[in-house]
Amino acid sequence: MKLAISCQLDYEIEQNTPLILMLRPRSGSGQWIIKEEYLLEPSVPVSEYTDLYGNLCQRLFTPQGSFTIKTSAVVEVTEQIDVDFSANFVPVQELPDESLIYLLPSRYCESDKMGNLVTTIVKDTQTGYEQVETIRQWIYENIRYEYGYSNASTSAQNTSEGRVGVCRDFSHLGVALCRSINIPARFVVGYLHELKPMDLHAWFEAYLGGRWYTFDATQTEPKGNRVVLAYGRDAADVALATQFGNMELVSMFVNVEQAQE
Amino acid sequence: MKLAISCQLDYEIEQNTPLILMLRPRSGSGQWIIKEEYLLEPSVPVSEYTDLYGNLCQRLFTPQGSFTIKTSAVVEVTEQIDVDFSANFVPVQELPDESLIYLLPSRYCESDKMGNLVTTIVKDTQTGYEQVETIRQWIYENIRYEYGYSNASTSAQNTSEGRVGVCRDFSHLGVALCRSINIPARFVVGYLHELKPMDLHAWFEAYLGGRWYTFDATQTEPKGNRVVLAYGRDAADVALATQFGNMELVSMFVNVEQAQE
Amino acid sequence: MKLAISCQLDYEIEQNTPLILMLRPRSGSGQWIIKEEYLLEPSVPVSEYTDLYGNLCQRLFTPQGSFTIKTSAVVEVTEQIDVDFSANFVPVQELPDESLIYLLPSRYCESDKMGNLVTTIVKDTQTGYEQVETIRQWIYENIRYEYGYSNASTSAQNTSEGRVGVCRDFSHLGVALCRSINIPARFVVGYLHELKPMDLHAWFEAYLGGRWYTFDATQTEPKGNRVVLAYGRDAADVALATQFGNMELVSMFVNVEQAQE
Amino acid sequence: MKLAISCQLDYEIEQNTPLILMLRPRSGSGQWIIKEEYLLEPSVPVSEYTDLYGNLCQRLFTPQGSFTIKTSAVVEVTEQIDVDFSANFVPVQELPDESLIYLLPSRYCESDKMGNLVTTIVKDTQTGYEQVETIRQWIYENIRYEYGYSNASTSAQNTSEGRVGVCRDFSHLGVALCRSINIPARFVVGYLHELKPMDLHAWFEAYLGGRWYTFDATQTEPKGNRVVLAYGRDAADVALATQFGNMELVSMFVNVEQAQE
């Protein structure tokens, strides 16, 4: 399917502020960027670099006053995500070098503290895809999706205790639980078609049977039509806008719809 | 200035052929991609990766029959390139690690064979920017710009002997001569506003005084309004379309104009 | 000075276990590896890769039974670390791209939670080197160095509350506090000559005035004669031995002394 | 087998000269560095970096006068190289991204000019491993191994015409012929046990059936017991010593023998 995505951020800025954005999707496996637009109003100099995970990052120094970032794209995406219960657990000694970093604990995914919880969840489960799917479903059933209970400092452990959160928290918990049983897991941010209410979204991927699989603990069932913006260890790596100073986000608008041919 | 660039390649293909393209410009120092479009007709799966030099490369397996690639972009560019006769020669021991590869000879830039020629050209010249500018000017004055005398196998040495070539050959010679006096030099492909006749273009950059400077041996004087598509050691690294099999390019169209606000 | 370093790890292993080691120092600015030895007894196949931070990592699958890892090296090091109170704070918009990752919170360095503490510590301090030195000294004076109060899950926040810990905890806290005021900071593991009691050690570096400076909150005053084994965001990145299963470390021996000429 | 390798370079230097060395072998698939020594006499500051291909490079600025570089290592190596006539040709569209650079022509491997020659050589050959082995054998039988006919500027094309050369030339020709039929091929430098006369050596690798295989056109039959120093596109990338100025190499000594247990 071709998706038309767009995101607009409106700021009021008292003082020039360094800002790092990750709002330019890359073509990769499963998505092809047909068309893209990236506007800053007023226009300011921007540089772009690739981070350690391969994401494109835009650096700029914001102007004072009203500042608007508008991005949009038309992306060819996969309508269905792959589900494969035969995808096996890959023993650590056989994992590719570049996946190993996704086994380590990170700021919001304290996998070193998930041992007891994960044991309860996956105790009767076959190793591999089924473990991750069981984790995903456990989160879906046991964590309440509600705004206002978590913030930028909330971690997987906090969520495992509070049992409430949003997509970011659901994904952190999924990632942390996978890593605690030595399954590489990474945090993904992007767009999801027909998400309700519409917003930017977060989910996670787990490395099984020699490749990455998509999991989304906020959804009843597997859903495709996703556009990835960035991959990382957790939300610290892939904040869509990291500001180094005070900037007021006065409004934000996100839209995803089927593109007109 | 905002430039609207576009490039269309029309192929007739008898047999499915692997193809690697480098037609997606990246935002970087001196250019910001405001808008971009990349269409394949018919649509086929594409994957994209970053090569060793940081360029975005698109990989695909072409269909049989008529196949069209259309790319376009609106890019904010610098109207004037920096000219700085005080930019000094950086001794090899002070060069940044990542520039060292641009001192080595490469397929089309046999810097190991340029010793005699470069000595004649720069003999009374101050080291640094002036050397490169002298090389650039020597090429401009001594190599005849004419199509039909060079091909995909023509190297800097061939051009130094034949004294005729096109932008690719001019740039290879410039690169080879710079490297032969231990100035890192790289080959650049992209678009140039008001190039006559309009086409994709090649020029080169030399590392002086702690940064890269742009040089174009095909032009009388320094001209900005360039959009970089890719950097590399020479044309082998940055072929805009590398095909691994027979594909007939039946027509090609390139355009660069000032963008409408 | 030439330092002779050595480290021996003796394990008793019930079941073959994947293991990742970071025990091979690299030559770099400030240290040159003259001689090195790396023995595994019994010998098993090992592969080596470079992680995202440039560290050399050794991967292996341990045998069952007694297993010993012996590494040693002779390294030319700097006797004094640079101290420069004129090294200024680099505004985020001027930081090199590759330093930005060291501004983000990480597993053991919750810089997002250090705002109040850091304000107290550096409130009357000039920005730049003096801030970091003030942080370093505050830790030295306010955190008690004692074994047994922290473990593999202890983070900077825990240490800021408990006010007790070891070199790892001191360094995590230093890193977290620096990041909270937008100074890139990284965690370092390695050897320190005349450390008492002798052991592997951890300290931190902060990016000031265009380069990295060494800080060690466990020491009264600046001390050189260090051998770096690895750099990372925090101890999660640079565990000298990451084991994925049960392996009993029965003894460990570390030595650092001046090398015989 | 454990091999003890050593290499000593003695220079007489009139003027301080920048020098880049690639004399530190890395542990990797098929070799494990047990012990290593790297001495410079007199001692000078050295920095080390990893190049685009993953090789460790040592940079220094030589002193004037006599200068000696001594490296030695004990390396666990594979006694036999893998030979597998069932390793198939990997179509370009299925090659891993990172192998693609080894399809391109390079300074000493003008694969773009090898079309006629390669067709003669492999015309009745099954695609895949057999093609490369046929190329290797053709070189062995048709190129005379003799010193004094080739130099630092000699390329694969020169060798295909002159029909004489040394290991470097044999390998360049092997690489160029493989690439001309779309088989990724890379140039390797290192040590070979029982090479006669003893010296540093060069050979090549080809990518077949999903991995790299070793080929050596200077030998009658497959021989293991090799220590790799560096991989690259050709000798330009992996010169063991690249000097940027005049330095006289007054003597050179290389030794490879079985290590004493």
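Points worth noting:
Labels A, B, C and D are assigned to the chains in the order they are written; within every chain, residues are numbered from 1.
In this text, contacts are C-beta pairs under 8 Å (C-beta built on N, C-alpha and C of every residue); 3 or more make two chains touch, one makes a residue touch a chain.
Only a predicted model underlies this, so the values are computations on that prediction, with no experimental measurement involved.
Residues touching across the chain A-chain B interface largely coincide between the two copies, over half of the numbers being common to both.
When you average the Cα atoms of each chain and compare centres, the chain farthest from chain C turns out to be B.
Centre-to-centre spacing of chain B and chain C amounts to 43 Å, using the average Cα coordinate of each chain. Centre to centre, using the average C-alpha position, chain A and chain B are separated by 37 Å. Here the spacing of chain A and chain C, counted between their Cα centres, is 30 Å.
Residue positions of chain A with contacts to 2 or more other chains are 47.
Touching pairs of chains, sorted by label, consist of A-B, A-C, B-D, C-D. Across the complex, chain A meets chain B through its residues 24, 26-29, 32-39, 43, 45-48, 50, 54, 58, 76. Contact residues of chain A toward chain C in the complex are 18, 20, 47, 49, 51-52, 57, 59-61, 91-93, 97, 100-101, 103-107, 109-110, 112-113, 152-153, 182, 236-237, 242, 244.
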